[in-house]
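For reference, the structure discussed in these notes is given below.
Labels A, B, C and D are assigned to the chains in the order they are written; within every chain, residues are numbered from 1.
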Amino acid sequence: MITVLFFGPVAERMETGRIEVEHVAGMRLADLRSTLAARHPEAFEIVSLAAVNGEHVRNMDVPLGDGSEVVFMSKFSGG
Amino acid sequence: MITVLFFGPVAERMETGRIEVEHVAGMRLADLRSTLAARHPEAFEIVSLAAVNGEHVRNMDVPLGDGSEVVFMSKFSGG
Amino acid sequence: MSEPVRLQFEDFSQDEEISALQAASTRMGGIATFLGCARDFSQGRSVHEIGFEAYERMALPELVKLRDEAITRFGLIDARIVHRLGTVRAGDRIVFIATGAEHRAPALEACRWLIDELKERVPIWKKEITPEGDSWVTPHP
Amino acid sequence: MSEPVRLQFEDFSQDEEISALQAASTRMGGIATFLGCARDFSQGRSVHEIGFEAYERMALPELVKLRDEAITRFGLIDARIVHRLGTVRAGDRIVFIATGAEHRAPALEACRWLIDELKERVPIWKKEITPEGDSWVTPHP
């Protein structure tokens, strides 16, 4: 399983802060993103950053291990 | 009479914070300064600013009225 | 003594943060701070409250890293960063940064750098709660 | 409420100064402060105390003028300046500047500008009291 978290405006548009996605061998971050973006375009139109296991990831080709925690995030607005 | 005030390092070298000087008709700030500097060269070597009646004065040719308060100051070191 | 970097729901005291900062060294000659407060007005609308949400697993390490970077980059003696979560009301404290150095220039520059970087790099999101409803602040992606 | 610009012998509280600043408006989103403290070490010598003397007739109006200029120049909502006189010990507060604006940039820039200008323009002198004796700090004239 992969845990996908959402916060703030993305969570609002997803109508949830957390979903679980079946892990598939060879799965990359880009695959997960396109699957979810196709189902939730209004949430993913504001996604501009991703993190895997608490680290920023810029390369969308990284493979996702089973049990990963992935976050798709909109631009930060703290401070 | 003209009241001349000194502060901080200038007062220390003058060994006083205040002297009174007889007012002379037509007296300019430059005159007062050169009279005092001749008597107290060690104090006036660190003087870099003057004020008359609480205002900075850059033009040393200003005439001094009777009753003026004059301050000869070294560079500030507050803050 | 409280941690120098914190994400917390409760309010805090500036005087206590400054005292904790000063405790690091009596060679500290300059302390700069920045305090961000909730405004009651934003982009033409009145705002009653502001809500904050963070991805804490990433936000806290990122704040710790920011502090370490600032200390090295500007030669600070110490620095502290506190950011509140949950709901705050107009006028309440949101974020506090304090930087201490031997002289004033590095303290002032580091403080400016920290608040600018925090806004760019720390996963925290803000929701404005207005009489017309709530809305998340979304800078252009 | 205390005056926004003061020369005083007593210590002060940063929290109280900030509260007084914030009282000006709930549109204040950014507050920057600078606190100058007495260091126990200066140019290779240990310093136990620092003494301050001001030409008050000129220093106070100059501080008031500085505050007014900063408010106009940076579009601040409010600003406060406190400078202590007399003798302070290592670690003690000497000077405090607080600037409040709707957004962070003007508050931070004004704070920096105020402390730089204060040092140039306000007739206050500092004496370092060390185990080897006292000496007035004399920047090159």
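To be clear about the criterion, contacts are C-beta pairs under 8 Å (C-beta built on N, C-alpha and C of every residue); 3 or more make two chains touch, one makes a residue touch a chain.
Computed from a predicted model, the values in this text were never measured in an experiment.
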Checklist outcome for this item: Intersection of contact sets, chain B vs chain C, gives D
Checklist outcome for this item: CA centroids of chain B and chain D: separation to the nearest Å works out as 26
Next on the checklist: Report the inter-centroid distance (CA atoms only) between chain A and chain D in whole Å.
Outcome noted: 48
Checklist outcome for this item: So, in whole Å, the Cα centroid of chain A is separated from that of chain B by 73
Item to check | Multi-chain contact residues (two or more partners), chain D | outcome: 36, 115
Checklist outcome for this item: Where chain B touches two or more other chains simultaneously, the residues are none
Checklist outcome for this item: Pairs of chains in contact here are A-C, B-D, C-D
Item to check | Residue ranges of chain C touching chain D (in the complex, touch as defined) | outcome: 13-15, 18, 22, 26-41, 90-91, 102, 104, 107-108, 111-112, 115
Item to check | Touching residues (chain side chain B, partner chain D) in the complex | outcome: 5, 7-9, 11-12, 45-49, 51, 54-56, 69, 71, 73-79
Item to check | Touch list for chain D against partner chain B, complex | outcome: 36, 52-55, 57-59, 61, 83, 94-95, 115, 118-127, 136-141
